[in-house]
Amino acid sequence: MSRNVLKIEHMTMQFGGVVAVHDLSMEINEGEIVALIGPNGAGKTTAFNCVTSVYEPTNGRVSFMGKPIAQNSPNKKMRKIYAGTMPDAFTDKTVRMSPDQVTKLGIARTFQNIRLFGGMTVLENVMTAMHLRRKSNMFTATLHLNMKEEKAMRQKAMDLLETVGLKELQDEMATSLPYGKQRLLEIARALATEPKLLLLDEPAAGMNPQETDELSAFIKRIKDQFNLTVFVIEHHMNLIMEISDRIYVVDFGKLIAEGTPAEIQENPAVIAAYLGGEDE
Amino acid sequence: MKTKKKFNPAMLWAALVIVLVYVAVFITEQLLPASSMLFTVLKKGATYALVAVSMNLLNGFTGLFSLGQAGFMLIGAYTYAIFTIPVADRMNVYQYYNGGLVQFAMPVVPALIMAGLAAALFAFLIGLPVLRLKSDYLAIATLGFAEIIRAIFQWNKLGALTNGSNILREFPTFNDFNIRNAEGEVTLYLSTLVPFLIAGVCIALIVMLINSTFGRSLRAIKDDEIAAEAMGINLFHHKQMSFCISSFFAGIGGAMLAMYQSTIQAKAFTSAMTYEILLIVVIGGIGSVTGSCISSFLFVACSEWWLRFLDQKQMIGNFEVPLLRNGFRLVVFSIIIMIVVLFFRQGIMGTKELPDLFKRKKKSQQEVKA
Amino acid sequence: MFNTVFPYLLTGISVGGQYALIAIGYTMVYGILRLINFAHGDVFMVAGIVMVYLNASGLPLWLSVLLTLLITVVIGFAIERVAYKPLRTAPRMSIMISAIGVSYTLQNLVLYITGGLNQFYPKVSFISDSVTIFGASTKMVTLVTPILTVILVVALVQLINHTKIGMAMRAVSKDFETSQLMGIKINSVISTTFIIGSFLAAVGSMLYFTNYNTVIQTSGAMPGLKAFVAAVFGGIGSIPGAVVGAFIIGICENIIKGLDIILFKAGITKQNLGLATFSDAFTFALLIVILIVKPTGLFGEKTTDKV
């Protein structure tokens, strides 16, 4: 059996009285492509934000390669309005990391609403994401004593851009790229942090059909090339069914189904959730 | 940084322009009388250029809206003055405090570095709590800290060190850099070139920092904090460093201001001084070092020299030009500033730098971001 | 002990009331535009100068007062239209810089008009009169201020909670874009905010300068900053918060001014510590403490950034 990369146990994220993620448990094993799907507002991105420590979950535990990266239980004020389950399961300790620490451990992500560095070129965007693995400090960097390292970074960034097919556009300003290419650049930038687990937040949003078709092959290719485990949120069902090993479905923050693409397609709860979603 | 490493004629032209400026400063200083307004403008302009660039490092390149610059300048100015007043003059300066606590004097350069370090140390301590705050809260908190520092330096219980609310004087000024012969006549004028050199070295260091790996992280933070963090950049650490470095150079700028003025008093380092520097940065273009430098000299020249005529009665033939009297210069000046702020938000340079001016316009590289 | 502390407390309450009237202008503008209106302190100062000049022109006092209120309101309105409205879609830093520019302009304009000399504030009959309470001699304004402040604040809260424009203001401060979509005339709401803020600043300036006697171009800077601190302290966007914060700051500041004498008379210290130097600095220390401990202030609402 392959190794467990990401494990989420009873994670609940509550903003005041609003429960965005409700008692979510899931596991992702090494080398898998796992998808999280659900109607709009089901709490998918919030789940991502909890995994990457942008938010601190109200309750539950997130472990990466067997090590807890977030753990919390509802405390005083929250306790009173807590609406989730198992409030006492994770009281032993609180683990809170900052997003950069999580990235350093090997989790990289892209954003649903693209967040490229607008004031930089395509190449600089990728190079910036390599800083966390660099050895030079501020003083050597200022005096430009790290030219060798800088050169290596530049080379690696170029290689990555070649992988995603943006090499010719390296000197363009990142925000001047078309939407689909910006998504690819986000992926290249995430890869530059040398992740083990890659989180993709709606990578196909805003892409045209042809780009979407290419995307599924692309995701599989980078998964093999960089030895990745991929966790993806997506609305585009064809893409999901094509690339995923397993799928988790959430609705109103709650997990309603999990299984292989074939199982999910047959699942009555999922069909109901999606049809219900379209009624709104 | 933006193009591949190869011979770049634009860089060469830029370097040439800078060298020419220095040569011109040196030559004019030997030729024109020392009392010329030009030198006042150049000295103060060089001082302000350094402070403005240090502020730009925070506001323009890291995206931290800090308004504490006057406080850090104050620390720098005082540190410099306290360590350089000749021992023989201390009794005279610290007349209410029995000659003061410090009873030695340092040479100028170590004292300048001390000035920077003192400011950076304060910045480090202040940064611990305030850098976690968001944009405008950060602005007001740093402004508050500058006011607190101002009060502390005026406190008479610290008078043995700071001379309380009394002025500090007798420390070496820019004029002391002139080389004199035995009769006391100046043989070589350096009083303008030296501030240019000090500011030049400091600004060069800041430019190198901005263009380094570290500087790229800072720009990432400015562009998008959340994305920067997600790419493994430690926000707090980088902000803290940027804050300390900016304050280090603001401290040196403060010491230069002390040298320029020849006397200093804590109560002059008000928030109005910070605002003035901020306006310089805005006029030059937030995010352009070159812009900050140019606008510093323009700002100082306008306020001290070129617009002076507006403060006096002027006659055109028999017609007395209306409105001209004391203070009109500042009104005109304010209006110019408001026009820049409202209608020319890019400032003089936008985010362009000196070498960019010599580049052939390539469609792909320029004007992409308005 | 009481006799030593009481006069400082009394002044503190009075100054606190004056800060409160300025602070409301800050807090309302921040609530709606998310802008620290750095020029607000200078509007307050300009109101003082306007009063000086109107009175010097020989107008009857009541007319001077009315005209001062009117002119200040017009100035506040004009500042928003000229300096902030064009920047509505610009980044927040630009509009804040514009506010600093306006502050600089107003100060220089007043410098030009007055020649940079202290202007003596006219005596306003009744509130300038001396009065003695509990053995402390003070001006009538000290007593009038807190009462007037409370009346104005209550009236304002009624306006915000029970009128159409008040409802529009609340909506805009909750969500700028949505309320625009809901057909709220955003510009008139913003203008109203500036008008109310300037009006209260003008009232505050009459009370404040009656107390301090002179006005100069920099007179508005420090009270302005302190009032802003009061607004942050109370929770920016919250009117009761601003008022409470202003009173706390006014009282603390004046107690510190007299702390040396108080401590000396109480036998705690033997010599003058010069603590009065810190009366201004204390305000900012308080600000920094509150920002660190509870960044949203005493009555502020918590917000979460959307990722």
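By written order: A, B and C. Residues from 1 in each chain.
Assume contacts are C-beta pairs under 8 Å (C-beta built on N, C-alpha and C of every residue); 3 or more make two chains touch, one makes a residue touch a chain.
Everything numeric in this text was worked out from a predicted model, so none of it was measured.
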Checklist entry - Farthest from chain B in C-alpha centre terms, which chain would that be? => result A
Checklist entry - Which chain would you call central, comparing Cα centres to the global Cα centre? => result B
Next on the checklist: Can you compute the centre-to-centre distance for chain A and chain C, using the mean CA position of each chain? Integer Å is fine.
Outcome noted: 47
Item to check | Interchain centroid distance [CA atoms averaged], chain B/chain C, Å | outcome: 32
Checklist outcome for this item: chain A and chain B have mean C-alpha positions lying a whole-number Å distance apart equal to 43
Checklist entry - Out of chain B, which residues touch more than one other chain, so two or more? => result 226
Checklist entry - Of all the residues in chain A, which ones touch at least 2 other chains? => result 54, 111
Checklist entry - Counting only residues that touch at least 2 other chains, which ones in chain C make the list? => result 307
Checklist entry - chain C touches which residues of chain B in the complex? => result 59, 65, 129-130, 132-133, 135-137, 139-141, 143-145, 147-148, 150-152, 154-157, 165, 226, 270-272, 275-276, 278-279, 282, 286, 325-328, 330-331, 333-335, 337-338, 341-342, 345
Checklist entry - Quick one: in the complex, what on chain A touches chain B? => result 52, 54, 98-100, 103-104, 108-109, 111, 115-121, 124, 127-129, 131-132, 134, 136, 138, 141-144, 146, 149-151, 153, 171-173, 175-176, 189-190, 192-193
Next on the checklist: Show me the residue ranges of chain C that touch chain B in the complex, using the header's touch definition.
Outcome noted: 34-36, 82-83, 86-87, 90, 92-94, 96-98, 100-105, 107-109, 111-113, 115-116, 218, 221, 225, 228-229, 232, 273-274, 277-278, 280-281, 283-285, 287-288, 291-292, 295, 305, 307
Checklist entry - Once bound in the complex, which stretches of chain B touch chain A? => result 1-3, 5, 205, 208-209, 212-217, 219-220, 222-224, 226-235, 241, 287, 351, 364-365, 368-369
